[in-house]
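Some structures are shown below for you to check.
Each of the next two complexes has subunit A plus one more chain, namely subunit B in the first and subunit C in the second.
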Partner chain A sequence: MSPLYTALLCTFLPLAAALVLVLVSPLRRAGLAAGLFSVATALIAFGGAVTLLLERWSGAATPVRETVRWLPHAGLGGGAHARAVIELGVQIDGISATMLVVVTAVAACVQIFSLGYMAGEPKPDFGRYFTWQSLFLFSMNSLVVAPNLLQLFLGWELVGLVSYLLIGYWWSKPSAARAAMKAFWMTKLADMGLILALLVLFVDTGSFDWTVTTSAAGAVTLLLFFAVMGKSAQFPLHVWLPDAMEGPTPVSALLHAATMVAAGVFLVVRAFPLFEQAPTTGLVMAYVGAFTALFAAVIAVVQTDIKKVLAYSTCSQLGYMVAALGAGSQVGGFFHLTTHACFKALLFLAAGSIIHGVHSNELSHMGGLWSRMRVTSVAFLVGALALAGVPGLAGFFSKDLILEHVLERGLWAPLGALLVAAFLTAFYMGRVTLVALFGRPSAHAEHAHEGGVSLLAPLVVLAVPAAGVGWLGAKLSGLYAAPVHFHLSPVGMVATGLALAGLGLAYWMFGAPQGGGRLRAAFAPIGRLARSGAVNARFAWGYGVLGGVSSIFAWFDRYVIDGLMNGLGYATLALGARLRGLQTGRAQDYVYVLVAAMLGVGAYGAFWSR
Partner chain B sequence: MPTLSDLGPLALDLGLLGALLLVFAVDLVLPHGRKRVLGLLTAALLTALFAASFTTSTAGSAFGGAYVGSEWALLFKRIALAAGALATLGALDHVDRHFPTRQGEFFLLLLFSLLGMTLLPGARDLLLLVVCFELMGIPLAMLASFAKADDTTGTHRHAAEAGLKLYLVSAVSTAITLFGLSYVYGLTGSTRIATIAAAPVTPLLGLGMMFTVAGMAFKIGAVPFHMWVPDTYQGAPVPFVAFLSVAPKATGLAAIGLLLSVAFREQRGPLLGVMLFFVVASVVAGSLLALPQRDVRRLLAYSGIAQIGYMLMGFAAGTVRGTAMLLFYVAGYAATNLGAFLVLEAVTPGRPGPTLEDLRGLSRRSPWLALALLVFLLSLAGIPFVVGFWAKLSVFLAAYQAGLGWLVLFGALMAIVSLWYYLQVAKAAYLDDPPPEERAPPPAVGAPLALAIWICLALVVGMGAYPRPFLESAATAAQSLAGH
Partner chain C sequence: MPFLESHLLGVIVAAPFLAALALLFVSPTRPGAIRAISLVGALVSLAGSVHVALGYDLARGGLQRAERYPLVPSLGIDLSLAVDGWSVSLLLLTGVIIVTGVLASWTLTDRPRDFFVLLLVLVAGVFGVFVCQDLFVFFLFYEIAVLPMYLLIGIWGSRGKVPAAGPFAFVWRRFDVGGREYAAMKLTLMLLVGSAAILVVILALYSAAGGSTFDLQALARARFPRELQLWAFPLLWLGFGSLAGVFPFHTWSPDGHAAAPTAVSMLHAGVLMKLGAFGVIRVGMLLLPEGASYWAPTVGGVAVINVLYGAICALTQRDLKYVIAYSSVSHMGVVMLGAATLTVDGWNGAIYQMFAHGMMTGLFFALVGLVYDRAHTRWVPSMGGFARQMPWVASFFVLAGLSSLGLPGLAGFVAEFLVFLGAWQSQHYVWALAGVLGAWVTAVYVLRVGRDIFFGEGPRSDEIHHLTDARRSEWGALWVLGACLVVFGSYPRLILDFIHVATLEYLPRAAGAASALLEASR
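This part shows the complex of A and B:
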């Protein structure tokens, strides 16, 4: 099959699956059969994506770009750009082939995992869930293969729409419904940046391609970056991401770790030729990204909900990617996207497996899972160490690459923030791992046990790239740019040292299970922290300070940033309610307004025509 | 002596007149209890006329230039005929159930109003324009108050209010339009649009022009001429509101387009300023006032006011492209809003239309209706894959190209506000639990109403997936107006 048809198959097979599930209601209502059907199509799509990547891997294939005319110039173009034609099509090169593999692999794993995780749901709901899953895979793939910004935007919006349905999956939970609304609304706010960027780009160049040279690069890229901030959860538009954890955990693994939130970063990677024309936007991105990386990492330190830790960690790692792209490293940003997708999807799925076993999200309800859930624990450990940046595992390579580039650019403040974030990342992952897997078992964890094969197989499969994908960095980057050669740089060694220090500190503080008794006394003032596990009393003050800072950040995030966003909404609502008084319902008032308005309008016309 | 061939441009309108007379005649001979045939007949005739619009040549002028058939007129005729046919289908069961003996009246009034709508865009004489406007408007007021005390809907008091408000405000605005026209006539000595276009600019002509246009702005419900809209939508029969919310607006925009691009082409400076004012005022007031609404009809009424604001962006741009984009927006909005109101009719047949509470859990009681509603709401909100997205993008593009970047930014921000109330409706239908007493079987939707909803749905999705032919015909129509 030619690359074009393979790409079309990858994209449209999941759509076909979704349509079949929508239209053939007996299949949808059958539950498990619907799930298996959806999984099968996802696996075929994954196979197609792998074929595409391997073709590029062998070096034989050239980039493929096939388009058809869609809208004529008479419609949207014209004027100064009479030749402009809007195209639909497919672009397959190193970037989209890699991203397709990432997306389809994670999606397939998540769907298989969901077979076991959602097994308790009523059958029609189960079928509906897999309908949305297939639809999501279609939207994400159509975003990935898009040959221009307009088509990418269409996929981008569809992804947002389906994520609304997936987060709100648990309808009966009001918090899930609210989170779904919020996620949709906030990302839509950011998406307006993308629409405006499209308009400015089109009027300036008569094209939606990212390869054009434009005099308005600054405005276009800043507007694009605003959309990226919303989708990829950058400060201060990140507040929807922790809330979105209300959705099912496999959904979080797919949307909020590996694919949807990475779409913003992917947009920048794709439109990198545009961003290269706007150095100022790069600076803004480097600072915003680095700040988000640090800010979110600090907050992750005190979270007591395992999914919230991972959510803030995702914000933080996305900040890394954005900072890398801002520093001008397309390879660094995209490679970290790839490695992060592997280990973060693994972490979320392992967390899902733990939640499935313990029936709780709370860290304090876990503990001692190493002996009870061995496979899950090993998988979680691999993911955590990869995220922490332990040498040899995936995260180590991509983080090193990013830090080197940021250093090369002489961006000292972002570099410092990223290094501190690296330390904190290792620390909070160490904390979660030690408390959940090796801590003193809570009453909930006493009866924890592994789920079925469908829960464990994806963990085993994902653990392999989470550990090893870093070694492929040179080859993967060679698919779309000059291949990078990894070597342990001084800054990389500093980062590794900091990561090991973070892990060590976590071990020192949470590694000794006997600390539990004294803990409560030591932490009475910071009661919330006490629930997070056993802390060695000697380090109570240190943790107290860190925890204090972290709590302040978390409070700031919860009440000031989030409050500001909510406040804007409430102010608008209140304004609407106030204006309502103008509508009296009395016909004579309407006539007064009518006559007054006509007189005003008439006077304006007469004055103007003087 | 005009010959019959002179009437070529009026072929469709004459056909509509024939259809009207046929329905009238059939109404006279039909016994009580069989009146349902009238609605079916009306729908069939309108569909046939719509189909005929693709095969009949209506180019040329009639009555010594007072009427000009062009692509512009043809596009509006098609929109009106299609909206009329769909609204008839949607209203069939409602009318049959609640006004069984007065079905002929209902559909005749609808046809009269449609006749005004199809005639107006071709008018090149201001008197003809006003007559068409009234031919369209007076039957609408009668239809708005169609429910009577002996009917079964229990909404007759609201209906009387709806009709009265529509009529009263309509009468005042027509009076002011005519007052403005008296200035225009006095200064130019003619009611012919071609003559007026050549007249020199004077303050008095400016005054007359503004009065004329302000009267038209009433019909499209632009702020500050919008106050009748929510009250009327709330009191009138829902399938009729579906019609009222799209067809007269399209015609009102046709009239404004005529004045702006042809009659006052040389003097239109202040008109563009007023258009800008209408855009900002309508979008702000419509979006903000829709936020606290609980009655979905009122919510959609305010949303329609905001939508008019977005459409007028096309006129405010002051370019042919702007007019073309507006036409595309009108066509997309017509399909969307018709569909949305028809879903409301399907959800609560024969009761005063739904509140947000009535819609709760709709997706579980009636998945297809909920899905249709969701698609219409997404289109109104301007989300991709449905026509509303292209519509908003088009007018934004036209405005940006005309140098109105700030207006585009403003429109984009307000679109976010509007997303909130559209999502409120979607949330009620999809995320909220149905009230316990509503766990009854889903509302039974009659075949004609279901067909109408399906057609609207297909249009909204189809125009979203492949907008090309619609954009092209909008562009052709706008160019034909620019060349008179």
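This part shows the complex of A and C:
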């Protein structure tokens, strides 16, 4: 099959699966069969993606780009703009092939995991869940293979929709319904930047391509970055991501850790030629990214809900990627995206397995799982160490690459923030691991046990890349840029040292029951602040303001604008009532008026008209 | 059938009329026959519209299938029908909406015969406006479409809660604000004032063009003097605009849509409001290009108010129908915004928005009717958790909502995107910004009201029981409209190619005037 058809298959097969599940009610309500059907299509898509990557891997294939006209367009004025077209299509090169493999692999693992994790759901809901999963795979793949920013935007909005649907999967829970809405609002607010960027770019260049040279690069990239901040949860638009954990855990793994939230980073990677034209935007990104990395890491330290720790950790790691891209390292950002997808999906699924065993998200309800859930624990440990940046595992390579680039650019403040964040990352992952796996078992954890094969197999499969994908860095980067050769740099050594120190501190504080009491006390205020929901309060405040403005407008419309219209009607009636008094019906009244009028006319004719 | 083929437009317009006539001879006690006849009348029009679309020669473009029947030869009034790309798309819209509207009122029990007669007469008028090429007859059809609304709302309407307050509270106590007679009266009076303005302009154009013809093509070639254009265009804009919900003449719309029965709301918001916008473009902008380009910034500015103001007002409404009605005010602003850009993309977007919004709001009002039918209330705060009993209604509501907030893949996005592109090209950056912001506010209120009705915990009022999902004929309306949103949203060229052909032909007149104006101002 030609690469074009393989890419189309990867994209549209999941769509077909979703449509079949929507339209064929018996299949959707059949429970396990619906899930297996969806999993099968995801696996086929994964196979297709692997073929595409291998073709590029062997160095034989050239990039593929095919487009069709989506909307008719008359062109913009004269010159080159006269040929402006609005197209959709497929572009397969090193970047999209790599991303396709990442997305389909994680999606397939998550779907298989869900077969076991969601098994207790009512059958129709189970089918609905897999419908959305398939729809997600379609949306994400259409974003990944996009040949231009317009299609990327279409996929971008669709993944936002699926995120809304999946966060709100348990819609009868008010908190889930609210979290779904909030996530959609926040990302949609940010997406205004993307749509405006499209307008600016198109009117300036007559094209949605990211390869064009534009005089408005600064405006376009800043607007794009605004959208990225929403999607990839950069401060201060990150507030929706922790709430998004209301969705089922496999959803968090797929959408809110590995793939969908990385779409923002992916956009910058794809549109890198545009971003290279705007150095200022790069600077902004480096600072925002580094600040988010640090800020979210601090909050992650004090979370007590295992999913919230991982959620803030995702924010923080996305900050790394954004900072890398801001520092001008396309490879650094994209490679960290790849490694992060592997180990964060692994961590979330392992957390899901733990939650499945313990029936709680709270760290204090866990403990002692190492002896009760050995496979899950090993998987979690691998993911945690990879995230912490332990040498040899995936996170080590990509983080090193990022720090080197930031140092090269001389961005000292971001570098400092990222180094501290590296320390904190190791610390909070050490904390979670020690408390959940090795801590004193709580009452909940006494009876914890492993789930079925469908829960464990994805963990085992994902643990392999989480541990080893770092070694492929040179080859992967060679698919779309000059290959990077890894060597342990001084800054990398510092970061590794800090990471190990973080793990050590965590061990000192949480490994032994008595250790680090004073330090814990020192962290307490941060914990209170982070858990008090100060940021959420802002959000509620913003919504309150919007509601207030709306009430004023609605009142104005109802009682002033409409009042004026009604007032006009009323005035007409009232006028009619008054004028009715003129029609007295008495002949002498009419004669008075007649005579007066005649005199008036006569006087006018006699004195004034000549 | 050569007769049908050569008189197809006449048949499309006449079919609902004839069905209405036939209904007069059916006993009011046989609702089955009444519904069947109405459905047949609607289906004939729909089938004809589809046939017209399939047979339209895109390569040739222009007016096709011309039919001409002299009415008053001495005054130059002909019943002259023809379709261009715009009419094709709007015929399809009207056909789909009337068929689904009949399906949605399948269970109506209160005087069904009279209801369907009026409904069919109304829709015949709508079809007539979209295909007619004679200004006088255009106006005639326009009035035929508007007037039955008075009876339809006044007899079959419902009432909402509107407390008296504010500086005009004394009026509230005098009038029965929120009641159906009030709504019907208000709607009719406001639209009639608009019609009066239109009539003045039509007569002025007729005499300025030599007083021999009402033919739209001939009038378009007439090149009216600049002074006439400058005063006539705003009259047309506000006259037709009152039906399109142009601020501040939109206030009939929330009350009217809220009070109207389901099918009437569907037709009114789905198709009838488009007549107003269509009139502004077809009569105003094509016949008076200089006036249009002179007034375009004003039209666009007011449209911006519509978009944002309607959306913000919708945000805080507690009555479900008012939410959707204000959203119509907001979305019709997008149509006017696109028209005011005087660009190809903007006009394509404006006409496509008529199509997309018609489908979407038709679906919305069908769903609202369903919910009202089951819950016997429109008061959102008393609802909640309805998705348990009516999962499909909830799904379709979310679908319609997503289209209205401009989700790619659904019809609404295409329209809004084109309008924003047009606004940016015409260098009215604020319009585009406002439009984008309006789409976001739409996301806020649509998702919020969806959540309040369908998700979360069970009904907040104890009086709501026996909720059921859609039934038989109601399915038809939901699936047809929902499928249209998806199909025409993912492959917009099915409709947009028609629109594009017509826009390419018509726009140069208006845009030529705009560039001439620009030259003059330098």
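One rule holds in what follows: the second predicted complex is superposed on the first by the 506 of 610 C-alpha atoms of A that agree within 3 Å, B and C clash if a C-alpha of one lies under 4 Å from a C-alpha of the other, contacts with A are read in each partner's own complex, and residues count from 1 in each chain.
Keep in mind that, in the parts below, a contact is a pair of C-beta atoms (placed from the backbone, for glycine too) under 8 Å apart; a residue touches a chain by one contact, two chains touch by 3 or more.
Everything numeric in this text was worked out from a predicted model, so none of it was measured.
In the superposition on chain A, contact is made by A:555 with subunit C only, not with subunit B. Of the two partner chains placed by the overlay, only subunit C lies in contact with A:570; subunit B stays clear of it. Contact with neither subunit B nor subunit C is seen for A:443 once the two complexes are overlaid on the shared chain.
With both structures placed on the common chain, the touch criterion links A:598 to subunit B but leaves subunit C unconnected. Applying the stated contact rule after C-alpha superposition, one finds that A:482 touches neither subunit B nor subunit C. Judged by the touch definition given at the top, the superposed model places A:158 against both subunit B and subunit C. Under the contact criterion defined above, the residues of subunit A that touch both subunit B in one complex and subunit C in the other are 70-72, 74, 76, 153-154, 157-158, 161, 168, 171-172, 177, 181, 184-185, 188-189, 192, 195-196, 199-200, 202-203, 569. For subunit B in complex with subunit A, the touching residues are 164-165, 168-169, 172-173, 176, 180, 201-207, 209-211, 213-215, 218, 224-225, 227-228, 230-231, 267, 269-271, 273-274, 285, 287-292, 321, 328, 378, 383-385, 389, 393-394, 396-397, 400-401, 408-409, 412-413, 415-417, 419-420, 423, 427, 430-433, 467-468, 471-472, 474-476. The residues of subunit A lying in touch with subunit B in their complex are 70-72, 74-76, 78-79, 153-154, 157-158, 161, 168, 171-172, 177, 180-181, 184-185, 188-189, 192, 195-196, 198-200, 202-203, 569, 572-573, 575-577, 579-580, 583, 585, 587, 589-591, 593-598, 601-610. Partner subunit C is touched in their complex by these residues of subunit A: 69-74, 76, 153-154, 157-158, 161, 164, 168, 171-174, 177-178, 181, 184-185, 188-189, 192, 195-196, 199-200, 202-203, 546-547, 549-551, 553-555, 557-567, 569-570.
Against subunit A, the residues of subunit C that register as touching in their complex are 162, 165-172, 174-175, 177, 186, 189-190, 247-248, 251-252, 254-255, 309, 312-313, 315-317, 344-345, 348, 385, 387-388, 402, 405, 407-409, 413-414, 417-418, 420-421, 424-425, 432-433, 436-437, 439-441, 443-444, 447-448, 451, 454-457, 492-493, 496-497, 500, 503-504.
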